[in-house]
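Same chain, two partners: chain A is paired with chain B first, then with chain C.
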Partner chain A sequence: MGEFRDQSDYYLLDPPHIDELISVLRGLGYSVIGPIVREGAIVYDEIESASQLPVGLRDRQRPGYYRLEERGDKAFFGFVVGPHSWKRFLYPPRFKLFTVSRKGEVTTHNVGGKKMAFIGVRGCELAAIQVLDKVLMGGPYVDPVYSTMRRDLFIVAVNCTEPGENCFCLSVGTGPEVGSGYDLSLTEVVGDGIHYFVAKVGSSAGKSLLERIGVRRATGDEVSEAAARMEKSRTLFRKSLDVTGLKDLLYRNLESPVYAEVAERCLACANCTLVCPTCFCTTVEEVTTLSGNVAERWRRWDSCFNADFSYIHGGPIRSSRLSRYRQWIAHKLATWIDQFGVMGCVGCGRCITWCPVGIDITEEAAKIRQRELEVSAT
Partner chain B sequence: MAEQSLGAATGLDTFKIEWCQVVGKAKETPDTYTLRLRPRQRSEISHNPGQFNMLYAYGVGEVPISISGALSDGQTLEHTVRAVGPVTKALASARIGSNLGLRGPFGRGWPLREAEGQDVIIVGGGIGLAPLRPAIQHIIKNRERYGKFYVLYGARTPADLLYKRDLRVWRGRLDTQLLVTVDRGDEKWRGYIGVVTTLFRHLRLEPNSTYAYVCGPEIMMKFTVQELKNQGLPDERIFISMERNMKCGVGICGHCQFGPFFICKDGPVFSLSEVSNFFGRREV
Partner chain C sequence: MARRPKIAVYKFASCDGCQLSILDLEEELLAIGEAFEIAYFLEASRAVVKGPYDIGLVEGSITTPHDAELIKEIRKSCKVLITIGACATAGGIQALRNWRGSAEFMKYVYPKPEYIETLDKSTPVSDHVQVDFELRGCPINKYQLLEVMSAYLAGRAPSIPNQSVCVECKLRGTACIMVAKGVPCLGPVTHAGCGAICPAYGRGCYGCYGPKESPNSKSLMKHFIELGKRREEAVMAFRLFNAWAPGFREVEAET
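Here is the complex of A and B:
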């Protein structure tokens, strides 16, 4: 990814600068959204100061497991990703599309309001936003809600110096360094009595923000230290997804026996789709007032794991859990590529962590590959 | 797809329904009605045969309904609705003069231009005849542009046959071969008995110069496709119209996915060669 080459682009932020960064953004009219702790998990919400960040916390993740614990340091971004993704701010879980009166007057509702700044966007998450850009703005139809929320977005990205147990961004090419598309990226260096952030400028807006804060350029040693942390990060991954010929593998194996096995465990609870930063399916709800004079249409997130998702007269097309899991994984890893030119999976590992029975997308894809080899060997 | 019409492609207008007046209504069968809808704002509403609209019943909901015909005034479209769920029941009970919401037309229709100079066979099953009717009307209106023309239609019983007046007119044409069959006859029925595929024994298609357009229940399309292949038609010239749950009509709600396709924007009409890895497969 060619990070840390040209040192002139790098600036040094001390911990108090993060708070300044937040207040300057707020002063510029941004609603600043960043990680906070709520109900035992790190989620995203509007913040006013750096003191709200999950300082000194780490998230322990395994399939079907998530716990926060003390790191023993004062790291600001010493965790990876939680159950929220930025999708909830760009493509709200519920949105009122229009109101219609019995007389036929249709009123659409205004989108957005304040422009948003995201603090702490990881490589996988930046990639996920770019996937949603293709889905919701890249075709002949441009979603008005997403495109409005996305406009004027300011992104402070964070490189992951310590991948989580379920992370596999390295294998799908979205991390641990963030790719392009941010305004500022930060690499946090913490430990042995030092604590600083090496910032890289990604846009003119990012640069002018640093100028407002008044930070100095990073020294060569500081940049090298940040680069070394990222180099080490790449060696810490425990999970990977083999993307070699993955699309064709799944297209060839739509009847793989692996699907029947995973259906034995899958609860069709839809957790994986709700925590996924790229899942974009929605449904609509009709809401009428008691008087019946006004009706509203709301759009809300939906999931291909729900029984009525594929309902047509006579019953759901996908009545079995087998077919719903197959739809989900084949969409993420195969059909998405034909639809939008990119894979729908960015390697964040959320679906693994938040699956109540710990189904692991990387393991299931590997099993499908393995089973095909076994069948062709016999 | 290059030629799709998405209407207003940006802004919440895409989700904004347009009110239409029900200007005509015909009872086709005990539970199926054809509604004539005229938009209150647009002075003209054009469509391609095979496209669909999202129709909205006030406060109840919205469903995709094929365009089953158009009047020559250019501002009235017909939709044939079978009352099977809450929304279709509300649509089917709409009175003349009342209002329904409409978004569309959406999707890719039948390749009528591509089939010019060739023979065409149209095969409909049940209410699947609805999206085929504008194609039949188009071919009859431009009859000199096409070769031999066959229409095969199957329904459960004589009472379930749609467009009975049209069927009489089409049967009377010397340049159109219409074959109709029912699964079960009644005391007055003197036509064919059996599923629609049994009609193929009366035909000898020209495999190298025939286009086939098929719509009906998936099981009916599966067996019809088999008959067409038996007659030697290549997958590239067999077209089917697919049905799935739809919420948006513009390819973003995700409900209508069929393999890599969004039926609403990539279809609903597909050539068999496009969908051969998915068509006929269970629960795709």
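Here is the complex of A and C:
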């Protein structure tokens, strides 16, 4: 529990402080984005006060299943992750890149200087943002949209004291505690008549925000209680991904019979990639008017599960669902490492929950491992 | 100014909704009139300019021997033939009769069914002649039609993605209603184009745009049954405007 070793770093926030935190950030010109309930799910959108948070709710998740229910307490962050991820704001689903006139005048569309503050970023999500940093800003070609949105980002991270049923961050090393890269992190302690947040400072901006709110340091007991909750959280995981030699396992088993079985169920609907917090593929499309005087270039999210994604002269390279699923899982868990030095999966479980037919990436990886063992045993 | 391409709009067995979508392009009608010569469009005007035509837009399915002959003539008089809507691209809701034959139905609908001359099946235009582009939907999305027309003028391929409706839900930020509410939804096997309207209002997708490319209807139907639908109900979910489209029509047999 290195996270809680140095007690001098911790501050104590009472529930009303969360609202203050949001208003101070708004006062500083941030557009504050946090979890809210909409149409039976917890999604991310701009918020103005803490009263909009999903207070007292938890999310029940199974493969292909998500429901909200009452927790019986007033927890502010008593749920895990929903159908949205922060990439929606850092890497918008549709974005107009430029307009060009018949005369050749080009107007580039910029993101504008909107400062964003994210409230409630989980360990897996923080890791996902860092994966996107590597992919979209780490090489010689820096994505202008992402890098602009990312620049002034303020992150209030939240430690998960209760993992969800589809969470497997513990096994991939991204949670349930948040890693580095936040401005403030919060551990919520709720129950038995107590409700407070132990805050840790992650940046000077985070520290100055707490100073503005005027909060006291947390006592040793309060920090210990938060640490105990996190210790317990680590024992509650039900799902895991065995990453031992995973990359080579997938490379050795490109013809695994597991792929044909998963293709029977896979809808190639692209949901898994679009809810994934690290999937970054886009396509561009040109739009012209009837008069032909103006053309626009738009960028929008795309997916390796769409046939046109691999379209070249003559047809798509990956025409079967089998080849598309294999491309996705092999990229996420293996080739991503060769490309970017990290795995593309952060263990958030979204692809499992939001797959309409509940295909589970941890199960499929385990099946591929199992099948190899069976074959080598015979 | 160069000669404006001549457009003809034809109707077969259909409800006229797709043709109305053209007229519903109110803001753009003047620009359309400037860019094209509307040469044959009986829903809009009795004035007819003689063919041949540059573009033929065809609404409706082929249901009579007369239709089957006429569509061949139309194909000859149009350089580019584009079918619009579920009837023309898949046979329409009237293709439900394809499972039963028409004799029984005619007995209930018409006082003198012997006057009716009809084909045994309602079929898409592409079963009869070469079609250059199929625009899906019941009805079509008028902005997609505008895109097809703009693309024609610019000499480029139209941007009409053949991916799932799920992609459109995700782009607009709708949480999946099948996962979050257990509502059976055809979105994962249905061709995009509508902008995922129904799920945004809590209704499962009806499949108005027909099957997406490589749809896995069998797997989705199995899931409908897991969600509590009876097998017959699950089959009926596919038996709507695009019932006869390959990808949807096999569900009964193969499950």
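A few comments on the model shown:
Following the convention adopted for this analysis, the second predicted complex is superposed on the first by the 376 of 378 C-alpha atoms of A that agree within 3 Å, B and C clash if a C-alpha of one lies under 4 Å from a C-alpha of the other, contacts with A are read in each partner's own complex, and residues count from 1 in each chain.
Just so we're on the same page, a contact is a pair of C-beta atoms (placed from the backbone, for glycine too) under 8 Å apart; a residue touches a chain by one contact, two chains touch by 3 or more.
What you are looking at is a predicted structure, and each value in this text was computed from that prediction instead of being measured.
Of the two partner chains placed by superposition, chain B and chain C are both touched by A:286.
When the two complexes are overlaid on their common chain A, residue A:304 makes contact with chain B while staying clear of chain C.
With both structures placed on the common chain, the touch criterion links A:313 to chain B but leaves chain C unconnected.
When both complexes are overlaid on chain A, the residue A:84 reaches chain C alone and has no touch with chain B.
Judged by the touch definition given at the top, the superposed model places A:39 against chain C, while chain B stays out of reach.
Contacts of A:111 after superposition: chain B is touched, whereas chain C is not reached. Contacts of A:64 after superposition on the shared chain: chain C is touched, whereas chain B is not.
When the two complexes are superposed on chain A, the residues of chain A that touch both chain B and chain C are 286, 288, 292, 308, 319-320. The touching residues of chain C, when paired with chain A in their complex, are 28, 31-32, 34-35, 146-147, 149-151, 153-154, 156, 159, 161-164, 166-167, 170-182, 185, 187-189, 202, 212-216, 219-220, 222-223.
The residues of chain B lying in touch with chain A in their complex are 4, 6, 9-17, 19, 40, 58-62, 82, 84-85, 88, 99, 101, 243-245, 247-248, 250-255, 257, 259-260, 262, 265, 277, 281-284. Chain A makes touch with chain C in their complex at residues 38-41, 43, 64-67, 82-84, 88, 93-94, 264-271, 274-275, 285-292, 300-301, 303, 306-308, 319-321, 353-354, 356-357. The residues of chain A lying in touch with chain B in their complex are 97-98, 100, 102, 104, 106, 108-109, 111, 135-136, 139-145, 147, 251, 254, 280-284, 286, 288, 292, 295, 297, 299, 302, 304, 308-313, 317-320, 322-323, 326-327, 331, 334-335, 338-339.
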